[in-house]
Amino acid sequence: MTNTPAIELRNITKRFGNVCANNNISLSVQKGEILSLLGENGSGKTTLMNMISGIYFPDEGEIIIGGEEVVIRSPKDAFDYKIGMIHQHFKLVDVFTAAENIVLGLNGEGKFNINQVSRNVAEISSKYGFEIDPNKKIYEMSVSEKQTVEIIKVLYRGADILILDEPTAVLTPQETEKLFAVLRRMRDDGKAIIIITHKLHEVLAISDRVTVLRKGEYIDTVKTSETDEMALTEMMVGKKVSLNIDRSEPKNTEERLLVEHIDCLSREGVKLLDDVSFTARSGEILGIAGIAGSGQRELLEAIAGLQHLEEGRIIYIDPTTKQEEDLKDKTPLQIRNMGVRLSFVPEDRLGMGLVGNMDIVDNMMLRSYTKGNSAFLQRKEPKDLAERVIKQLGVVTPGASTPVRRLSGGNVQKVLVGREIASSPTVLMAAYPVRGLDINSSYMIYNLLNEQKEKGVAVIFVGEDLDVLLELSDRILVIGGGKVTGIVDARTTTKEEIGLLMTKAKGGEANDK
Amino acid sequence: MTNNAVKHSEPLLRVSKRAEVVWWKGWIIRGISIVLALIACAFIIVLLTGQNPIEVYGALIKGSFGSSRKVWIMLQNLAMLLCVSLAVTPAFKMRFWNIGAEGQVLMGCLATSVCMIYLGDKLPIGLLIPIMLIASVLAGVIWAVIPAIFNANWKTNETLFTLMMNYVATQLVAFCIVFWENPLGSNTVGVINSSTQGGWLPVIFGQKYLLNILVVAALTVGLYIYLKYSKQGYEISVVGESVNTAKYVGINVKKVIIRTMAISGAICGVAGLLLVSGTDHTISTTTVGGMGFTAIMVSWLAKFNPALMTLTSFLIVFLDRGASEIATAFRLNESVADILTGVILFFIIGSEFFVNYKLNLRKKHNQGNLSASAKEGK
Amino acid sequence: MGILASIVFFIKQSIIQGIPLLYGSTGEIITEKSGNLNLGIPGIMYMGGISGVIGGYFYERSTDNPNAFLAIFITFMSAIVGSALLALIYSFLTITLHANQNVTGLTLTTFGVGIGNFFGGSLTKLFGEGGSISLMFTGNAFKATLPFASKLGLFGELFLSYGFLAYLAVIIAIISSIILTKTRVGLNLRAVGENPATADAAGINVTLYKYVATCIGGAIAGLGGLYFIMDYTGGSWTNGGFGDRGWLAIALVIFALWKPKHSIWGSFLFGGLYIVYLYIPGLGRSSQEIFKMLPYVVTLVVLVLTSMRKKREYQPPESLGTTYFREER
């Protein structure tokens, strides 16, 4: 009995169109064990787990549960095998209460009584130390409350095999610690747990064994006690990480963008940005670090004219005339018409930066199509630009008239960055520009950002990998819970210092150096 | 440990999205669906009448091509349906589900009728036609822009809003008909200015419908160019694909929504003018005759491409005329045309699935220890 | 007394007008709660009416001594089966074949109205009789009220003077309301309409729920057509007689904010608005047409107000009008 894995995957393969998301992957988890599934963004971790939870169906390979080969056609089947998955994007119905979400889809016996459910939920909560109001509507909840609901939902169903997809991405360190305590308790209960992550210290802190994936391929499985961060990184990225990004000393820096005490509210009235102030200088890369969802997106969007500001102002200083312009509450079009050359590579490339169904030429036009007085489009220039970008950045595509949706992630990003740089900006903002990209494409992006910096552009770079932030940026602004928790010199600071600043989100005093 | 779980087998059929379909393959699939639909229709007719199916198909073709008069009627119907389809297209391209073309055209009809009745015999035709054009376009625009304003500002559901507007328009027309009744008590308007022909669009080259057809042909070319080559057309595509992208590049989304619906409404207004002043010379609550709804089908089938829409509207008009002919030839109730059109459309709608998705049959397991272990598991 | 009597009479007529709308909107609410915007409801209501007529026609032809219960049973079942069948076509196209809901629904309306008018106009001819259909016997069976209702004065007039289908409409609406808000099935169904991906991940069979809700919704809506033909017109078919009541039922769904309990009084209100022009003295024929606009205008006002208020509970089901495909990336 002890040698039969709770769940085992053998030679699983899954393709989407021409993309092979998982190639011939095998792994297993024992009862009472926590397995980390480690890999970079886009390495196929989530796809693999979605096949266990019945969202996708494997093209090839077997799933074996308790020694028996099984077929999981739907999430319903997965529940029957006592598999529960907590997705990265919560699967909750917004207009339902916590209790309603928790019992969703269950065929309980007897009369349906939502109050009884609430009592059961309270019981589970107290057993594991969760704090939750079962009658609160989901759309009124914070992110961590929503995650709690997700976890209780799985426990309520009596899952023996739990899968958590990047559960800590949205949590504060304290919340993460609480979560880990819960996970350990569940492991001691005899549950098999798989946790998807790309954070090494978490792998080492929580798991018994680690399975590493890279670009859809299985690399290896090792015992956590017999490995260390270095070895895992090597497996994860393929070779030893020696980032070696060429960083030049900033030259002729001058103030370009002054962000002064800006506040920004969500639709529900929650403060997303709270008294944020900083200066971006020309010829310098300002890195922005923080836990995902701490206000990075809103900050860039506020500067780009996509967010309404409650308070504060954003001053742009023209490089030639030295004139000051307030960008507050201007639309992107107004900002451009004021002569501010602001480029923005947003996080959501195909949902915001580009139009997936349009070809490369038409996407090149997005920023410039209004030029000229004619009512008709001028496609000559964008076509030349498209061909230039394809050639200079090495975009792999059948041609300039291919819809960008059909390009791979890295090539999509090259098209986007290529276009944004082409307008010779004075300010360049990039949000997670290397997310999902392979190492080579990532370096290409780093070099492009450095090039822009050397040309005297004020570059603002939002990143998630601290190593990259430390080696690429000149200064690093740390944001936590919508507040600036510190601005540090990237050359002298340490990962630990930034990590500390990132996590002092709530209640902590902002100490702007 | 999983004793209580049910043992499942792999599903027999699995559906997955096609990566990309070659355009001609798509059209072959659609073609097959039409052939199957025609077979199904023949089956229905044979069931109802006991006639030879070959004769049924003969009648189908005769409906559109039986005589030169029938060809002209077919072309006229084609032109009108195409005109309304052109009208709904810009909005659809923007993913604005305007199902209120019926009402927008009807308002165009109403405005035209007002001009004909009150000004028809007072103004020279050279002055009257521009006035009618302005009035009908304005009426269509107003009817289209109201839902657009609410949608742009408060995201009011446009499908439901435009649907309701249809009936408000119908009642407005019913209201006016009572005033214009001719003869009294008939509850119809009768032919407007039947003796003086005041406000009738001129007949050119001796063909009653030729002017309508030429106007719609010009509109088709115009809209094709507008959508494909103009800056506004480009904005429509961007807003339709992604509102976020549109905002990111500084497109004023509200303005585009309202402007595009105004264009839709304007073309609807023109359709109303052509219907009343160029064709019927009268107005009733059913003047538009459901074209506002059929047009949605035409536009959607043609993937919102005005050039392809000439083909899809021909297809629908051909089937409709053919079905009417069948009804007459076999002495069936006129409504049989609706049934047959419905059946054919169901087939075409269904065929889109096979263009966009692919079916995977269950694969046999590889031989060897894997299948052996699967058996042991039992 | 005279005024009171005429008020009671007006309310009664409003209720009679409201019943088909109540069936239609209850059916459409159940359908829409599964995320399917079925614009084929007007066609389905025609289909319900004509299916009942066909069933009744065959029954009345087959026997010389028709039995009232049997006549009711046969027409009732025919109506349910006929309208559920049309809903099944819609379900197959939109759920299994992922077709566009607007396009499919509008086609279904063309098709259903076509079937209604075709068979309504030529059923007797197909069987070599000619003339229009009139099912007096079945119609009277449907219209039957409690024998003592007429003896209870205004009270009986107001509450007890309807055929059984009228009461059934209210009962179905109440049961639907309870199922939607108080049971597991209702919770699951609402989840499917709000967020099918979540429902799917929770182990709910999204496809099954959508199919069942759409078909049951269709069957209920079809009863509205049956009520109109059998009770309201007493068993005689006129082509196009049902008019635009199907669209009015869809309007009522919006007015009722997707809650069947609101549909009950809403349908009576709409019924009243639909005929109020008959009861306002001194209205010309033209102003009557303006009054017929009222239900649509009221719906528009409700639609606009709720969209402005943005209260989450008043919004349409989140996934309404979209198709769900699990492997969509």
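In order of appearance the chains are A, B and C, and numbering begins at 1 in each one.
Just so we're on the same page, a contact is a pair of C-beta atoms (placed from the backbone, for glycine too) under 8 Å apart; a residue touches a chain by one contact, two chains touch by 3 or more.
Keep in mind that this is a model prediction, so the values were computed, not measured.
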Central chain (distance from its CA mean to the mean of all protein CA atoms): B
By count of C-beta pairs in contact, the leading pair of chains: B-C
Most distant chain from chain C by Cα centroid: A
Separation of chain A from chain B, taking each centre as the mean of its C-alpha atoms, in whole Å: 43
Chain A and chain C: spacing of chain centres that average the CA atoms, whole Å: 48
Whole-Å separation of chain centres (CA-atom averages), chain B against chain C: 26
Where chain B touches two or more other chains, by residue: 17
Shared interface positions of chain A, touching two or more other chains: 57
Multi-chain contact residues (two or more partners), chain C: 327
Chain A-facing residues of chain B, complex: 1-2, 4-11, 14, 17, 19-20, 229-232, 234, 237-238, 241-242, 244-245, 247-252, 370, 373-374, 377
Residues on chain B engaged by chain C in the complex (per definition of touch): 15-17, 48, 97, 99, 150, 154-157, 159-161, 163-168, 170-172, 174-179, 290, 293-294, 296-297, 300, 332-333, 335-339, 341-343, 345-346, 349-350, 352-353, 356-357
Chain B-facing residues of chain A, complex: 6, 10, 17-18, 57, 62, 64-73, 77, 80-82, 160, 304-306, 331-336, 344, 346, 348, 351-358, 362, 365-367, 369-370, 374-377, 406
Complex interface listing, chain C residues touching chain B: 37, 39, 89, 92-93, 96-100, 102-104, 106-118, 121-122, 126, 239, 244, 247, 250-251, 254, 284-287, 289-290, 292-293, 296-297, 299-300, 303-304, 307-308, 310, 316, 321, 325, 327-328
Touching residues on chain C, where the partner in the complex is chain A: 182-184, 187-188, 190-191, 194-195, 197-205, 312-313, 318, 326-327, 329
